[in-house]
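Which chain is which? They are A, B and C, in the order written, and residues in each are numbered from 1.
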Amino acid sequence: MSNTILAGHDFIRDTWYMVAWPEEISADKPLARTVLGDDLVLFRTPNGQPVVLEDRCAHRLAPLSLGRIEEGGIRCMYHGVKFGPTGQCVEIPAQPQGHPNMCVRRYPVVEQSGFIWAWMGNPDNADPTRIIAAPWAHDSRWAPSKGYLHVHAHMSLVADNLLDFGHLPFVHTNTVGAAQQADFSTQVTALTEGVQTDRWYLDVPASRFHQSVGRFTGNVDAWHCFRWHLPAVMSLDSGSAPTGTGAREKPHGTREGAVEFHHIAALTPQDADHTHYFWIHWRNFDVENPDMTDSVHRNVMAAFAEDQAMVEAQHRSVRRGSQTVPKAIMADKALTIVRHQLAKQSTSVD
Amino acid sequence: MSNTILAGHDFIRDTWYMVAWPEEISADKPLARTVLGDDLVLFRTPNGQPVVLEDRCAHRLAPLSLGRIEEGGIRCMYHGVKFGPTGQCVEIPAQPQGHPNMCVRRYPVVEQSGFIWAWMGNPDNADPTRIIAAPWAHDSRWAPSKGYLHVHAHMSLVADNLLDFGHLPFVHTNTVGAAQQADFSTQVTALTEGVQTDRWYLDVPASRFHQSVGRFTGNVDAWHCFRWHLPAVMSLDSGSAPTGTGAREKPHGTREGAVEFHHIAALTPQDADHTHYFWIHWRNFDVENPDMTDSVHRNVMAAFAEDQAMVEAQHRSVRRGSQTVPKAIMADKALTIVRHQLAKQSTSVD
Amino acid sequence: MSNTILAGHDFIRDTWYMVAWPEEISADKPLARTVLGDDLVLFRTPNGQPVVLEDRCAHRLAPLSLGRIEEGGIRCMYHGVKFGPTGQCVEIPAQPQGHPNMCVRRYPVVEQSGFIWAWMGNPDNADPTRIIAAPWAHDSRWAPSKGYLHVHAHMSLVADNLLDFGHLPFVHTNTVGAAQQADFSTQVTALTEGVQTDRWYLDVPASRFHQSVGRFTGNVDAWHCFRWHLPAVMSLDSGSAPTGTGAREKPHGTREGAVEFHHIAALTPQDADHTHYFWIHWRNFDVENPDMTDSVHRNVMAAFAEDQAMVEAQHRSVRRGSQTVPKAIMADKALTIVRHQLAKQSTSVD
């Protein structure tokens, strides 16, 4: 079955998924979004707390996202049944005693580091400390650019694309891949729930962009290191520092005079054929300059557009089916590790 | 299964469904229409009799609706096989002896009260006396407005919407629902094959529209009473009369000086995801005035458009599936009665 | 089952299908095309040889048609894996030893008579001598017009349409069918793998078009004879010659002073709902005149457009399903023979 490239795991539910930008949800108007096939309605209570409920009235299944937010609850605008922020029914028109057994499913939700995270599994297991840390979000020395892609492909194909460097010189021939054509000396380390990938280029001329913002007087040590967190959050650390100033020393070296980026990419399955792709890219230079913020946004999106076109074509090809069984090559090491971990988790959970 | 909101019965076949407006069918050009999943072709014989056949040539299944009406029969324009109004093959080109066993399915059809009614089940059971009466159609003291909606929803959800008053203050907040927000004192009576629903507002000021056409000098007794005929025809009687003039007396009171409407809504399933919705709204005032006819049409369609948006959203929500089991509230009384009746009929028929 | 009109055989694989025009494929840019449900990529080697491979990289199933043709091979532009014209993997980036077991399926391919033919079944059985001969393609006394239709219908319905003359007076009432209304004296002869159909009109006035190009001084003998080659290639011989000059003598008569056409129609299933329809129409007059070439093209396409509309309507009708079982009439003789032959082949192959 060619679909082994997609199978191997159902989506993991007991985890935090990035589901919306903070500014997308409010106490004025509900937001509808589908995650892991579940239709969600998102809004805020009057004091700003985010709420995530199933987007179906427990009475006749009309979408609550067509409803009205009222004092922290949401009223279905078909027959007026109202639910509180926990999903419990709090009012049925012309039926004063209410309906104690009527409720809609609620999903634990946390707003953190510029993302809205929802827990899609058993609420009893929802542990906010498991949400990935992003200290740059709370540090004025770092400036974020951010973006969203709606990818018509299975989440695992989007994840593969982020996990492998082998595609850089081919998908990105004319953009970011050009300089990296020759080098595949990536160090891949399996973690308990994910993988660590490190690429270092020691004592090399700075890339054109890094040179333009870092104004280095000599060669640099450049790096491109990421940590993958199961199922699908990537935290990337990249940059250039003057050669020999210790950038490579663990954990971070000194990074004196370095141009640095931190990037978080959060992949959230909409369903088996669509993926929400949220990313934030922080930089440590020119942090007050909105033009630089825009420029970083455009560059990241341009590279991702190249990936998206290929991943969507791959998805269509896989979905159409074939006798051909995919075969791994050496460059697949990181994605193979992650897929094995996911397959194992999925088995133990289901 | 959330789909219990749709299940409970297959569509009942042994009944009359409204399938077309009289002016839609002619002896010149066949009309294609799908009803209960059956593809139909409709036309008239030279003397005006309506004919309903399956829209498939018995030879190679080409649509007869692409064919040519000839002397009361219809000729398939693929290979020229011709069928009479009973569906019997009457001519095969270059095959003079014909083909006695070749025929297409015919459906009993009756033109009555401004509707074309077809019997979708066993023709032997087709009893024209079971077609709902609409005396206003034949009485010049009444003037009709009429309209059609193609609703992308299961017929049972459209029926629910007509059967319940609970949605009025919410779906129609800004239109017909505004004045009725406080009142749910509806009397619901189960009939043998349907339900009777009565709402009376005694000694109240007339609504703005009723006042404008009725020019009442004092308060009115207003009513909104309908009878539901299984599976899906509603006959509505509504209006306002001067208070105390006996409008509420059975069967009709005197209705002296009253503003009155009679409305027939006929729901016809196209298939499990689409519904034909035909309606005629007769009034007893200003019957010669085409502007009033248009105005009534616009007002009815504006209210129905609000219902349609909600019902279609509900349909999509139900179709996407969910763990959530819908729960009834008190306002569901009439629709619950009708759904039970339909479930019972369906069981005894299948 | 109404679908018996489509069933009776899966598509035959061990045969040559016309898959592309020669000018559609090159050594510069790959062409994607789906045939019998298989996604193909077509290109040429530097010396012009056509190559047909499955359009899926054996590594991660990305489409090779998004790839780059390099020295007779094709490189997947996702991760750079390269395949030779036999489908064998010849290079994996950063993995010098290659991957001997990695290959994509190749399809035997022959360029002949102005068509690219691919063998969709077992390559061991691919015998180029079984490709239909078309000597007019290599003879400067004949000038071709050609065209392509993408038909949204099952191949067998398109084949039926070509195999039966019964539809001419009905589908083509206003074009080619007008003159032939009265005549069904077609001689149908079963062959080992196909059928021969002959229609002769002896000593009749020439059709308007034949008269305009043939400038006959008296009546003509006209003919319309075709041979059907299983599964779906038609070779048609038609024309008009002065009466009594021996045109009807076998095999060809003298055809002195005749207006003649040879036509090849090649039907290639894209999948069960779409058919590629390629045709070339050669004439023996005015062969240097591009206006005549255009005129023939327009006339053929106009007639085919009438067939296409009906066949696509028939296909939709069949796909929607019905209780109605199609019944054969006398005019179905040729198509009935071919369908029986296909059903038998299919059984013996599967």
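In the analysis below, contacts are C-beta pairs under 8 Å (C-beta built on N, C-alpha and C of every residue); 3 or more make two chains touch, one makes a residue touch a chain.
Since this is a predicted model, take the numbers as computed values, not measurements.
Between chain A and chain B, two chains of identical sequence, the interface residue sets overlap only in part, with shared numbers making up under half of the total.
Copies chain A and chain C of the same sequence differ by a rotation of 120 degrees once their CA atoms are superposed, given in steps of 5. Measuring from the averaged C-alpha position of chain A to that of chain B gives a distance of 50 Å. Across the assembly, chain B contributes no residue that touches 2 or more other chains. Touching chain C in their complex are the following residues of chain A: 2, 5, 160, 164, 166-167, 169-171, 173, 184, 310, 313-314, 316-318, 320, 322-324, 326-331. Put simply, chain A touches chain B in their complex at residues 39, 54-56, 58-63, 66, 75-81, 92-95, 99, 101-102, 104-105.
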